[in-house]
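Should a chain be cited, it is by its letter among A, B, C and D, assigned in written order, with residues numbered from 1 in that chain.
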Amino acid sequence: MSYRVGIIGGTGYTGSELSRLLCRHPDIELAALTSRSNAGKDVTSVHGFLRGYTDIKFTERISDTKDLDFVMVATPYGVAMEEVPALREQGIKCIDLSGDYRLKDAALYEQWYGKEHSDPEGLEKAVFGQPELFRERIKGADLVANPGCYATSAILAIAPLMKSGLVHDDVFVDGKSGTSGAGMTPSARLHHPTCGESVIPYKIGAHRHQPEIDMAVDMFAGSHLDVAFVPHLVPIVRGIISSCYFRLKKDASQEDVDAVYEKQYGAERFVHYVPEPSIRDVVGSNHAQVGSKVLGNRVVSFGVLDNLVKGASGQAVQNMNLMLGLPEADGLDFPGLGV
Amino acid sequence: MSYRVGIIGGTGYTGSELSRLLCRHPDIELAALTSRSNAGKDVTSVHGFLRGYTDIKFTERISDTKDLDFVMVATPYGVAMEEVPALREQGIKCIDLSGDYRLKDAALYEQWYGKEHSDPEGLEKAVFGQPELFRERIKGADLVANPGCYATSAILAIAPLMKSGLVHDDVFVDGKSGTSGAGMTPSARLHHPTCGESVIPYKIGAHRHQPEIDMAVDMFAGSHLDVAFVPHLVPIVRGIISSCYFRLKKDASQEDVDAVYEKQYGAERFVHYVPEPSIRDVVGSNHAQVGSKVLGNRVVSFGVLDNLVKGASGQAVQNMNLMLGLPEADGLDFPGLGV
Amino acid sequence: MSYRVGIIGGTGYTGSELSRLLCRHPDIELAALTSRSNAGKDVTSVHGFLRGYTDIKFTERISDTKDLDFVMVATPYGVAMEEVPALREQGIKCIDLSGDYRLKDAALYEQWYGKEHSDPEGLEKAVFGQPELFRERIKGADLVANPGCYATSAILAIAPLMKSGLVHDDVFVDGKSGTSGAGMTPSARLHHPTCGESVIPYKIGAHRHQPEIDMAVDMFAGSHLDVAFVPHLVPIVRGIISSCYFRLKKDASQEDVDAVYEKQYGAERFVHYVPEPSIRDVVGSNHAQVGSKVLGNRVVSFGVLDNLVKGASGQAVQNMNLMLGLPEADGLDFPGLGV
Amino acid sequence: MSYRVGIIGGTGYTGSELSRLLCRHPDIELAALTSRSNAGKDVTSVHGFLRGYTDIKFTERISDTKDLDFVMVATPYGVAMEEVPALREQGIKCIDLSGDYRLKDAALYEQWYGKEHSDPEGLEKAVFGQPELFRERIKGADLVANPGCYATSAILAIAPLMKSGLVHDDVFVDGKSGTSGAGMTPSARLHHPTCGESVIPYKIGAHRHQPEIDMAVDMFAGSHLDVAFVPHLVPIVRGIISSCYFRLKKDASQEDVDAVYEKQYGAERFVHYVPEPSIRDVVGSNHAQVGSKVLGNRVVSFGVLDNLVKGASGQAVQNMNLMLGLPEADGLDFPGLGV
């Protein structure tokens, strides 16, 4: 049996990455991609890499396509909360890849996103889609808020250590992201002459993934987290490494720390605790790597992933698999590029 | 049924890329990777991206593994011609990804590779592995010489136009390759501070892919070709674009040229004639793109591919599929990264 | 004595590069930079690299600054031909770094730039500012049209060989430019995720530097040139290499070709004929390198430079020095970065 | 009057950068570059960017050149402590750009560099060459230990804040360096396919610049520092940004922190406290930028510079100017590239 999946926002990077993954998912039919600017055009005329993998055309609205079983929202924030209520009424399960449903608190949403939340009911029902931490909740969810790319990389590195009680709650996160994480709209910062030979800190203490990291770790570890998050743009296309800096609460050895992560991720298909996490090992794939090193009375932990796959569209497919009762790795079971 | 495949030279880039592709090939068991320096180690301890996809260890010699059905040689040149004769005696089909069996003429081999060829019998039997041009011969071959990365990109752009008779035989090939094409051994030219912000012409008129382009186009088009090949190193990891410059023999329109390529590639799974060929569309995949533009009484044609996939290991898998009677796209049927 | 120089268009890349060079020119006072969007702001608040080198503010119009001796126009095309006539009336010498005065023929301008030329008088008087080819004319000029970056790199490689009579007139120019050559306005092609790991051919046979190469070589060599120019964007910030492909008219050795270039450039301060031209050797400086290699009955020649210096603002300063009777290398006498 | 300066180790990156700077220093004659592998060759045959700026040849030993007034040692560590004693006997002032004289304690040297220090007398006399912190001592020195590139960037950001008493002493330093910082010897990590599209943490808690940061901050601020230093390789050629993470000891506002840095650097020629420090603003020049942002009860400060200039050879020239009684900015008084 094949589920018919539609994507709202099929032109942007997370939308096109979803289509890359779904077009060869064994249980999925890629049934719809919406795009206001490209409606009516062949998808392959815009996404040349899909030539031979789909013959559908962009539509203007998701409602232009009938009999969808599942919808992914891959638009900028603010759109999902307008689209999701109608889909909920039709009983269509959804994953939102934008930030609309990540922060459980509508007031927090307004504070960080600068607008009132128009779907408080959805906000309450939405489950935070980090499968390695909240797998069971995701299985039963009708609406999943897919985490941000920085947030995923940081949460994977931070959450187990916070839960272990080994570290203080004031964590520094030095995030380093490839440029595709910022989306497809040209801007001064993403202009190659600006960023191609530079490393640029930005949105210091003001990035929307900060409250998300905070909230997710709190939910998982049951203890308050105080994140100071400083994102940096680095001149690579795909890939994130978040270097997370902790102070140890009590004496802990490298072995103690290793044990915490091994226990958490030892049985996971997509998250690996390794001695030297590497962006090249995971790029192009849904795999993430976590590493950690004790430095006297402090610790640095790394979370490494491809921002468009495990940091966005791949994790969305993983969540969809869980929500539909499919094998969790379906359509995602391939390694990173390595080189 | 599953074929057991071994790789001689499992540490280098083409060997590791073969393992990336074969580990999820539906009809293949990745049975052996040799490596003198890593013999005895888990493959995943060296190739971290394979974690979860194989549990074999590197062996020293290919003969350490029994019951192989097929062998790929992914070493530097000079090794294959030592290894292949023994495999031939055992009736094991082989693909050589090095240059040992590409030039049919032993004297030409000696001229370009600087050593005598030690397996003239193999040289005679070997079939040049460009599936889109020589598919039928490959199907019946026991030994296939897998083309070079530059050569593949140039041949795909040049061969149809030469066969059409529209152009003169003195072609300029301006090749631009990502750095992974040069292999995994560190060198001054591949040192990041040298090449990271530069474009470096090298081996001008002296690159080994030149006689290969010459030979393959002659074989296909039946007319002599005189290539002036100038390779340039560009600071990307994966990807090649060969810009091929022709003079038109007679008046020809853009439509005439388009028709030549459409006829050649219209039904191909992995080679696409497109208006704007793009490295990003094909990178990570076995797809190649060809484009062409008439400029008055001249033409420029582009051949674009991922040097490690369609330019090496992916094309080898495609050839292996043909040689084993498997569907040609098995294990390769996924799109490029797009972004 | 110090000349007061103003720059129309002080925000863009060629304007800011002019200010970088002029702020430490021994005979120049950087007296004005115009910018509509930044008028009234400290120049250093926009160009942080000038902190400590100037304390002037952006002005709206060049006429806001009195007693200028010389004006550079560093705007997009179409502006210079509106500004220059007024400056000419005031007897102020000018260099235009846009394309407005490069093509001597107003009809050709209209064809390539898509608008009527509004200053035919200036067009007639303007001298093409390639100092190594037209030094004497530049010395006497009141208005100089500074060549384009691609054009400079190609002309330096092509002109001497064409003049020698050794080669046919149908030249292919495969241009490879860093991204700063395209200016500071963000665009889809210059967006890092698009171009950061790719090589992108564009404006094939349609780039405005094509008629410029044609015209300049004709003027210098006295023979018609037929250029097929294919520009490629490469993911470096600064630097151009133009690979120029010729057919030899008659037998010529490497020594013959070397002699042609040595004779042309042997005494030049900024253009060097070298065995292996290198972007890293010239980047950041006004130096250019030319190299050439005979390949049987054909030749490839390379022109290498920093597109913002010898390809734009540095060459403009060199021209200004000639026009003002200053030592030609003043303010430019420093080497490239090397690494 | 012109001082004759020699460079021991003229082939490597810091040596060639010294020659780039010294060849146009108004008071210096670049009199000698040593190189065992290139002895006898023209310097410009190896360093093409110096064509036109020097006509000397490499020599084997520094003693091959007579009447030197000053010597820079730009070799790997371990060489300077063999060379410096003989120069000291001749009364020649020296700057060592390697790590041999940075750590005042011979035991600490042995611990971090793995060999016994052979010149304890020099170690005692050597002055740590951070001009903005130790200017007066440098003026009187005969031997200066030039700081490391990471160390300089971190010390500039850390030292004033530590001295202010506003922050705790446990600082995290997340260093991000361009690849030229690792020197000119090819290696697996610096191989473009490895690092060109990645960010690689390395030598975690084990980098030799760690005790150097520690020592220099202690000397300046008079309080013990506990640095956890995690260097990351980023795919740019030149440039470092060190992001330094502090906890505030007591309530402090952004204004308080700004005041600390303004007071320290307000009058400096080469170090600027700015709102948004930028690698592009300083690259190619001896300028550094420092920025800082309060995040609740924590602070992040950035130190940004060109690792080969302010992080190595430029700072060495600055120190040399101080030691010789020359204007501090001589030969260094030019801005960064900006783009």
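Convention: a contact is a pair of C-beta atoms (placed from the backbone, for glycine too) under 8 Å apart; a residue touches a chain by one contact, two chains touch by 3 or more.
Note that the structure is predicted; figures quoted are calculated from it, not measured.
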Would you say B-D or A-D is joined by more C-beta pairs in contact?
-> A-D
Can you name the chain that lies farthest from chain B, using the mean of each chain's Cα atoms as its centre?
-> D
In angstrom, rounded to a whole number, how far apart do the mean CA points of chain A and chain B lie?
-> 35
Whole-Å gap separating chain B and chain D, where each centre is the average of the chain's CA atoms = 45
Using mean C-alpha positions as chain centres, tell me how far chain A is from chain D in Å, no decimals.
-> 40
Could you check chain D for residues that touch two or more other chains and list them?
-> 13, 180, 184, 193, 197, 235-238, 278, 280, 339
Which chain A residues qualify as touching chain D in the complex?
-> 170, 172, 174, 176, 193-194, 197-201, 204-205, 226, 228, 230, 232, 234-239, 241, 243, 245, 247, 277-280, 283, 293, 295-298, 300, 302, 339
Sort out for me which residues of chain B touch chain A in the complex.
-> 13, 16-17, 20, 23-24, 47-53, 180, 184, 197, 237-238, 269, 272, 274, 276, 278, 280-282, 284-285, 287, 289, 308, 333-339
Chain A-facing residues of chain C, complex = 13, 178-180, 184, 186-188, 190-193, 195-197, 235-237
